[in-house]
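Attaching a single structure in structure tokens format; questions to follow.
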Amino acid sequence: MAERRFEIGRIPGFATVAVATFVMLYLPIATLVAFSFNEGNSIAVWEGLSLHWYREAWDNQAVKDATARSLIIAVCAAVISTTVATMAALGTTRRAKFRGETFIYVAINQPLMVPEIVTAVALMIFFGMIKVATGYQGLGYLILAHSAFCIPFAYLPIRARLEGMDLSLEAAASDLYATPWKTFRHVTLPLLGPGILAGAMLAFVISLDDVIITEFVKSGGQDTLPTYMLGQLRRTMTPEVNAISTALLALTVMLLTAFFLLTRKRD
Amino acid sequence: MTEAVTIEARNAVKAFGQGDHVVRALDDVSIQIRKGEFFTLLGPSGCGKTTLLRLIAGFEMPTSGTILLDGADITELPPNKRPVNTVFQSYALFPHLTVAENVGFGLTMQGRPRAEVTARVAEMLALVKLEAMAGRKVSQLSGGQQQRVALARALAPQPKVLLLDEPLSALDLKLRKEMQVELKRLQTETGITFIFVTHDQEEALTMSDRIGVMSAGKLQQVGSPKDIYTRPVNRFVASFIGETNFLPATVVPGGVRLATGDVVEVAAQARGDVTLTVRPEQVRIVGAGEAGAIAATVKFLVYFGTDTHCHLALADGTEVVARVQSPASGEAGIEAGSAVGLRFASGAAQVLED
Amino acid sequence: MASRAEERMQRQSARNGWLLSLPALGLLLIAALGPLLIIFVYSVLTPGQYGNVVWEFSWDGWVSILFTRDIFDGTLGLADAHLTIFWRSVSLSLMTTLATFALGFPTAWFIATRPPRQRGLWLFLITIPFWTNLLIRTFAINEVIRQEGVLNTFLLWTGVIERPLSIIYTDTAVLIGMAYVYLPLMVLPLFAAIDRFDMRLLEAGYDLYASRWQVLRRVILPIVKPGIVAGSILVFVPSLGAYVTPRVLGGGKNMMIGNFIELQFLAGRNWPLGAALSVTLLLIVTAALLIYVRAANRGSNPHG
């Protein structure tokens, strides 16, 4: 029989609860993924393996449109939010602390703190007024709203990267006759690259996942994938929703893996 | 013959912080550094060495005072417009560039033609013996190699002055010794003015043409290594560089009188109470009761190999250390507890005012 | 004290800092921060006939959070329906916090005591659900607990039950769902706190005759308290404002504040009431965050 050692970090029952938690965490997701490959149209009774529902979703014009819309919005929001977040991160690090810096920091992180439903309602009213005033009903509102709430997600990894960067590198560049712009172009930006990419990926994922703000801000016929899925709730659910979810899930996991590899490898 | 001055600081003051928390990192420092010399700034941690270098490089602006380069005021010139380059303590090599790109960075930024950059980079890499590493990323180099790249990079644009902030502190002892020789060679070969920062007194003494000793933001003494060692101007300099004895004394005609009543012949401009300083190796141990010798008792001995440190006490209890050659085996040496006499080598004792 | 050149540099640096932050601030102002101010204004206007508002000042939005006006005689009475919703929101959020803590603490401890090489993987397993679409996770749990869902199918098949359990569209369903989706928010800060915990303190505890339980209660919990506070706030705050989970799992009737706010706007019933509710939610959340900031500050110098 194995010798029982007194393990210092062990607390009886904790490992069991932990493993059970992991199982509970993944079982529903696994089920969701499994039934996306179901032959029949039940999301509880297994009727055989097939890609039927992926084909179904692929052929569904509404799903195609929603996917395109989701991607357009997420790409625009990621680009815009990452650009402004990079500038803000450069503005709030690597210089002596200035008055208002804390204010800027809090303002940028504000979307993380306000309940999304409140922002959603506020945007619905505000953009509603603009829609009436200008007559413009396009995707611009969604892009604008997504860009705004993605800012903190882009800002935080970029800022972290900047703070971990050796200040003397930029000093060295300016010592070697680089103008401030050339220093930025040849030293700061290349070193910041992975941070910016990581920030953009997070922003993309966050935008792609958004339900509430999109639901309230969108004009008629502007469903994104998540709001389309939410709409399916009213009908009998088929594994089509599972297929869409699984595809989204795969995309997220891919981006996240890339994100972790990017942020981990800093030399 | 007056030697040309390259870098000059006039009444440079640098204060950090505000209100009650002002730190005067530099407190009215005036210094002239000559063309082509190897000048070392020496002082304890936090005395303002880095701050002075940063003012010269242009990373920081003085709170008051001016910095001159070849007689021209460069106080407000940004670092990229000064023909002054720095070797950083952490090297600050660009991790995303190769060795060759690092070395060529300054020349590229100056807009020199590609061919000239390539040629100069090759020349610099040869100078620091790193030709084989040109295509590597800097993260693939050892500490000593990175150090050489940093040197080559800073020397490549042929600056008028090279600033080196503790460039050797990250290296182990053996590499350090090698690089000391290497640095000296580079300085002689290029003829560039080096301003070198260290808090290793031995390094300062062996490498420098002149040394500036700093303490608490003030320049205490500037002079050749020999000057600084043999003629320290105050107690701080005397104790910071090398080991020394301090003996309380009073000025009398022709010399000073120790607390024991013995009179030591020495030139003294001051009056009243002073401190007499003498290096341990300048203290000679003679027989007890020898004429003119100061009576002392041997308290204990510390063996250092070739030398032995004799810790002695004078009649009034003042402690004095003498460094003597260790006796050969079999030979009888001085023993703890014995009564002896002390003499100071002629001209070795010195009067300090504070 | 500072020279003119120094001052000029400082001022320039601060100006550049502001200039660089300006685009982000501007975007946030028009699409996040600014519109919040409108909510405050709308909460003191008069409801319009078909939704929206009439620009006339009125406290009615605020009053109707707690009271209803009798349609016939105009007297005020407590709005029971509203109180039920508040009560449900607060109690479900608290229970969610407790449930996630009960599961999350052992999990975080488990991850933190893995060998360093494994730790990253376990942590990654927690982070994936964290970044996965909340709606997808809610759907996943929905498919498990619904009437003809996986759980019931399985239990019926094994014969443990004879009739399907009715979990879906109850408060329990919402609780299960929220605990499921917010669990990573509890585990991550707890892990951060436990990871910093010096395991030698346990040795000291056991050395001084404490039992495992006493060590847990007297040594571990007090020291990782900042992590517990952080995790609790991170779970409580979004639970209180939850919208998707109660909508999917609670059906139409088991509303929480978030759904109730939506109802005021989308069903076009009472915009000022919706706005007042939003402001209330915002204030509660702000209060919770302030508690968190204070606790976190205290936590940063535990021996001070």
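Letters are used for the chains, namely A, B and C, taken in the order the chains are written, and counting of residues starts over at 1 for each.
Note that in this section contacts are C-beta pairs under 8 Å (C-beta built on N, C-alpha and C of every residue); 3 or more make two chains touch, one makes a residue touch a chain.
Here the structure is a predicted model, which is why all the values come from computation and not from measurement.
J.: Tell me the shape of the graph of touching chains, choosing from line, ring, star, complete and other.
T.: complete
J.: Comparing centres built from CA atoms, which chain ends up most distant from chain A?
T.: Following the centroid criterion, the farthest chain would be B.
J.: Counting C-beta pairs in contact, does B-C beat A-B or the other way around?
T.: Between B-C and A-B, the larger count of C-beta pairs in contact belongs to A-B.
J.: Looking at mean CA positions, which chain is nearest the middle of everything shown?
T.: A
J.: Please tell me the distance, in whole Å, between the geometric centres of chain A and chain C computed from their C-alpha atoms.
T.: Here the centre of chain C sits 18 Å away from the centre of chain A.
J.: I'd like the Å distance between the centres of chain B and chain C, where a centre is the mean of that chain's Cα atoms.
T.: The answer is 60 Å.
J.: So what's the Cα centroid distance for chain A and chain B, whole Å?
T.: The answer is 56 Å.
J.: Considering chain B alone, which of its residues make contact with at least two other chains?
T.: If we look for residues of chain B contacting two or more partner chains, we find none.
J.: Could you please specify the touching residues of chain A with respect to chain B in the complex?
T.: Chain A reaches chain B through residues 166, 168-169, 171-179, 182-183, 186-187, 190-191, 267.
J.: Give every residue of chain B touching chain A within the complex, in rising order.
T.: 57-59, 78-81, 84-86, 88, 90, 92-96, 105-106, 109-110, 139, 153-154, 157
J.: Can you check the complex and tell me which residues of chain C touch chain B?
T.: Contacts found on chain C: 1-3, 5-6, 9.
J.: Which chain C residues qualify as touching chain A in the complex?
T.: Contact set of chain C toward chain A: 10, 13-14, 16-21, 23-25, 27-28, 30-36, 38-39, 42, 103-104, 106-107, 109-113, 124-129, 131-137, 139-141, 143-144, 146, 148-150, 152-153, 180, 183, 199, 202-203, 206, 212, 216, 237-238, 240-241, 243-244, 247-248, 258, 261-262, 265-266, 271, 274-275, 278, 281-282, 285-286, 289.
J.: Tell me, which parts of chain A touch chain C in their complex?
T.: 6, 8-15, 17-22, 24-29, 31-32, 35, 42-45, 80-81, 83-85, 87-88, 90-92, 95-96, 98-101, 104, 107-108, 110-111, 113-119, 121-127, 144-145, 147-149, 151, 155, 205, 208-209, 211-212, 216, 226, 229-230, 233, 237, 241-242, 245, 248-249, 252-253, 256, 260
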